[in-house]
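As written, the chain order gives the labels A, B, C, D and E, with residue 1 at the start of each chain.
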Amino acid sequence: MEIRGVSKTFHARGGQTAALERCDLAVAKGEFVSVVGPSGCGKSTLMMIAAGLEAPTSGDVLVDGRPAGPAGPKRTVVFQRFALFPSETVAQNIGFGLRVAGTPRAECEQRIGELLRLMGLERFRDAFPHELSGGMQQRVAIARAMAVRPEILLMDEPFGALDAQTRTVLQEEVSRLQRELHYTVLFITHSVEEAVYLSDRVVVMSRGPGRILREIAIPRDAAWRGLDIEQAGEHAGFMQVKREIWELLRGEIVRH
Amino acid sequence: MEIRGVSKTFHARGGQTAALERCDLAVAKGEFVSVVGPSGCGKSTLMMIAAGLEAPTSGDVLVDGRPAGPAGPKRTVVFQRFALFPSETVAQNIGFGLRVAGTPRAECEQRIGELLRLMGLERFRDAFPHELSGGMQQRVAIARAMAVRPEILLMDEPFGALDAQTRTVLQEEVSRLQRELHYTVLFITHSVEEAVYLSDRVVVMSRGPGRILREIAIPRDAAWRGLDIEQAGEHAGFMQVKREIWELLRGEIVRH
Amino acid sequence: MATPVESPQRPPRPLHEATLWGACALGVLLLAWWVATAIPGLVPPRVLPSPPDVVARFGSLLAEPFSGATLVGHAAVSLQRWGLGVFGALALGLPLGIALAWLPPLRAVVTPVFELLRYIPPFAWVPIAVLWFGASTVTQALIVFIAAFPACIINTQLAVAQVDTILVRAARMLGTRSMTTLGRVVLPVAAPTVFTGVRIAFGNGWMALVGAELVVGKQGLGFLISQGQINDSAATILVGMISIGVLGVLIDAALQRLQRLALPWQPPPARPLE
Amino acid sequence: QAQGAAPVKMVAISQSNEGGFPLWLAKKLNYFANNGLDVTIKYFPNGGAALASGAAGDWQGGWIGSPPAITGWAKFGLTPVGTMMKEDRNIKLIMRKDAIKGSSPAQVLATGKIGSVPNSTWSQVLFACAKHFKVDPTKMKVVPLEPPVTRQSLRSGEVAAGTTDSSPDIDLVNDKANFEVVCDGAIAGTSVIDPWIVTKKFATENPAAAAAFVEAGFRASELIMKDREKAVAMLLDYYKDAGIDGDEKKARYTLAYRDYQTLDQALADARQGATEKALTETAQVFVAGGAYDKVPDLKGAVAAGLPILEAAKKLRK
Amino acid sequence: MAPATRSALRFFGPAEGADETLPFWRREPGRRQWLLIACASLGAMFGLWWFATREGGWVPQLFLPPPREVWDAFVRLWSRPYLGSSLGEHVGASLRIVAGGWLLAGAIGLPLGIAMGWWKRVRWIAFPVFQLLRPVPPLAWIPLAILWLGIGDSARIFVVFIAAIVPWVLNSMQAVYSIDNLLVRAATTLGASDMQVLTRVVCRTALPTLVAGARIALGNAWTTLVAAELLAASAGLGYIAVNASRTLEVGILLVAMAIIGVLGALFSIGMQLLTRWVAPWAAAGAQS
């Protein structure tokens, strides 16, 4: 997927807000790219545009070299606030995308079963979202997004609403999934540590109208790959990348 | 302040939930004590009991060796969800405790001005809470709790609802305040890093009906004191304490 | 909303466009009415008078007294009855609603009796109200009261009960006494919902008033309608209905404006209806 | 009379139709004032509401239809004091021409829908007419309708027949091409009366004022019957005051069908049992309609009013 | 949705976790205490009624008959036809009118309201019409209803319809309109078409609120019943009430009012149970 020269200006009641300014970003197949940046810099806007849920004021979104068109199951999104359908059970939520695509029942069932197992949610198959903890809800949201076998998975601060410990557990799980299944992921986060731990590449955005400030590649074969996040965090290499990104960010964070 | 053999059982619709089981915890004057523990282990309950906002099923809360009595300005709380009074301006929120105590107007004004300066909120003096960002709201909440010069400040995941970068900024600010003003603080958090960075002592609670699992003292004169949290996090001593606590906690977190 | 992707070329001007469409819709309705009554034989004027007839009737009712009062007089009488009932409901409903939410044991005492009575429609009280209070302003005000009271008390109670307990706790830990907490923290936070209740109450009262006036009374907008029926004058009926509708809208609009003035600290609605 | 003394205040009830004309006239012409009374007239849309208000103590006298008069007597001793007006000819049974055509009134009554006010003098006339046409009243398809609605339904053809009150229905009655009056109370041989009334409390506490009130009322009735031209002119004023649509034609017409009673006629009827008979016929309609379980003691009602009526007569002398 | 419509059930439920740091008058009574106080309160009300209306009491029996007499009136209504119909027939007649008007209003109002919430053009066109319609009381339509529809059931149904359509439409609109946009977006990225989003996500998620709108509509319809039955009815609870009041049968009037009240309460409770049944996920989580 490629984002080319995308700008976005919002016309709000009072006037205009420039949210994005000529952003370029490419995500290769099987790559895990994280975007970090100060609050309000336009990360979510970028993601919405990438997903086709919002139209850019100028610029294009390409998938496989062709314009991406409206939102659809090729690019699914995991939102910070889970966005599970409250009226559907866990299994129904996961199978939603398959059902609307008219997938045969048996195939649906099989895929749902697979994902439930993958996410460790078998016991909650028939629970409603409100009966689950935040961490489990986000697992369902991830499974739901994966169910339709998207070409790219977009995640907008998926762990932002979780507590520190649940977050750690899910981070490790996503890391494992990525290593096993090689998804193409565009991942937005506030946490530098999370970005470094999960990504092949970290994109740092500037504040104000968001621009891409720097891209930092993280080698696939770094020594701390495969460790859990706490242990990884103590590796010197990890810390160095982290510090580098942090310095960049610190300049962008406005106090207040 | 001392919490002595406190247990708490809730009688909910379905039946009973034991939230706390014989907890003992003392906080000395000027000490900063953090409590970490898995979600639902009863940390908030412990804090509410400490504040006098909830009655323990058994056990006592003592302040200066005497029973603490009902809630009052000697023990003020900073809540995770800010809990600002929406109909009052920033200045009025901060001055609330002073006004209800009948403090003379001039003194109120002076103290409010002081706190606004301390928190960097001067420009927002007359703003309403809904006009502020989360980080600023939490600053107001902290200023409000400090305004009445409590003997002990209770903080229940004060930074849980903030994004990573705002949280970092506030953590450093609290650390600075503590070093300058020597408050007595009981601090609840999910983040081990935060706990280690801020505290003189970290208390780890067990899951289920919460019990105190272990207390870990952190020397005042550790090498990383005074550094910002990112730098501190790279110190070996810091990492070791963190790892120690993390191991304890990991045993308590239930993976679903 | 239907298409999530919005065209960037056209900055949204929802208010403007919405007004235009709404005006068009109303215009078409009015035109249809006019045409239907203008074609002879299609709709007899006895069944539906033409817009000019209604306007003319408006004029004559404004100018000449009908049953002892002009249209303005009838409206004033209605408003007076309504005001009496509604302010009675406020005066009783607001404090009681607050007390019920603040003092749970009191709620246990009052709720069963209240629940027993609240599902009886206001209009069903008319005969018994006449029996008790005669055919006086008090009776009509009582009907208005009965219609307005439940909305007042229920919303006030809910508003106060729904105030986040964490705010009450925050106030308590700052050393506030119970009554101060109520006045300084709880009531301001509850105020928007209370206002909603008041608006509903005002509307309900206005609706019920017409019912009371249909049955008893010799003046008022409801009387105008029933007298229009007796006199076989559909134009009078329509004038009465339109006056009631317009006054109802005005009352609500005034209240909304008052709310905005009285509660400046309210955050704007998350998603205003466009 | 009590010249010089403060006038006795009283509230009298009425309805805004021609039945209320004498009461309004007596006030207009100062008959009440001359009798030492300060009367305020209060209008009600129907007798039921007036009754409830009377139970609450809103008023002391006035006039009312016979059904509420009976209820008032049974429930709180409301005293009928002589017949103010007879409506035998005023209340009519009217039918659509197209319904009668090729048929007969009797057949229409037996098979068509008929609009009438339930448990009222309208029903009384309807049932009497049914007897007159030898139709079983229990078999009729009666639609309970208020008078204005009866009128509308007759016009639209939703009912084939209906009871009317002459004056508001003047258009129908005169629309000879489409409607035909087939019967009325007089033809059917039933008597429909509207009595003057005073509350029990007023009658016992201030019998002299009650008599003065009734006397003045009858004086107005007598004027209407005697000087038709003046009555018509005054009636037009009354229309305006009471918010009734009406013109001279209607005024003339309506006065022709209403028999306002003189004091002597009322006294005679009361003494000879005609009043009781008329009330009883009304009450029987109630019983048949299921509103009452049995006919109340109407002999007592007339007897209670008689002394006041006699006192009024004495005032004349 | 207006909070005024919150339920009786909620009223009766005891709050959880009574806060023991509060003085007793600020503390939620437990379920058993609640029941006890409620019974005592109702008992006191009836006691007061009885006491006030006994022979020589403060209130004349014509104004308010004693409980005993009201009970007799109920027995009388129950055991013998009144005004030509048995009690069952009267209730049936009322229910027919209300059900007719309410269902008709729903058949039109529900789809219209949903469409208004979903497509802004529909909203722009139809909303002003309802803004105008809303403040005119249903009762004020009675004379026109007769003029237009005559004296059959249809006029009465029309009046009830007018009372019910406004909440049907406006609440449905609000329900659909206020659906979290995030859910719509989530469904869109999963490949749902516009119609699929509307039917599978929006309408289902809005179901509890839609039912709440239906409940308000039913309440309004029921409230209008008595007035609608002024209009050419020959049976019905409102018809009983009107006739009983004309003949000053206060006992029967009170019984009719009580039956109307009880049925109204039953409808309200029934609709709440319906919510639980059609939207089990909403009962526990979303609302409390």
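A few notes on this one:
Note that in this section a residue touches a chain if its C-beta (ideal position, glycine included) is under 8 Å from a C-beta of that chain, and two chains touch if they have at least 3 such contacts.
Just so we're clear, the structure is a prediction, and the values are computed from it rather than from any experiment.
Hopping across touching chains, the smallest step count from chain A to chain D is 2. Averaging Cα atoms per chain gives one point for each, and the point farthest from that of chain A is the centre of D.
Most remote chain with respect to chain B, judged by CA-atom centres, is D.
Between the CA-based centres of chain C and chain D the separation comes to 39 Å, rounded to the whole angstrom. Averaging Cα coordinates per chain places chain B and chain D 84 Å apart.
Taking the mean of the C-alpha atoms as each chain's centre, chain A and chain C sit 49 Å apart. A separation of 32 Å divides the Cα centre of chain A from that of chain B.
In chain C, the residues that touch at least two other chains are 4, 46, 127, 130-132, 226, 229.
Across the assembly, chain A contributes residues 52-53, 70-71 that each touch 2 or more other chains.
Across the assembly, chain D contributes residues 48, 52, 55-56, 152 that each touch 2 or more other chains.
Contact residues on chain D toward chain C in their complex (touch as defined above): 16, 42-45, 48-50, 52-53, 55-58, 147-148, 151-152, 155, 168, 241-245. Here chain A touches chain B in the complex through residues 38-39, 120-121, 123, 133, 135-136, 160, 163-166, 169, 189-192, 230, 233-234, 239, 242-243, 246, 249, 253, 255-256, going by the rule given at the top. Of all residues in chain E, only 62-63, 81-84, 146-147, 150-152, 230-234, 239, 242-243, 245-249 touch chain D in the complex they form.
Touching chain C in their complex are the following residues of chain B: 48, 51-53, 70-73, 75-77, 79, 81, 83-89, 96-97, 100-101, 128, 130, 144, 148. On the side of chain B, the complex with chain E involves touching residues 10-13, 52-55, 70-71.
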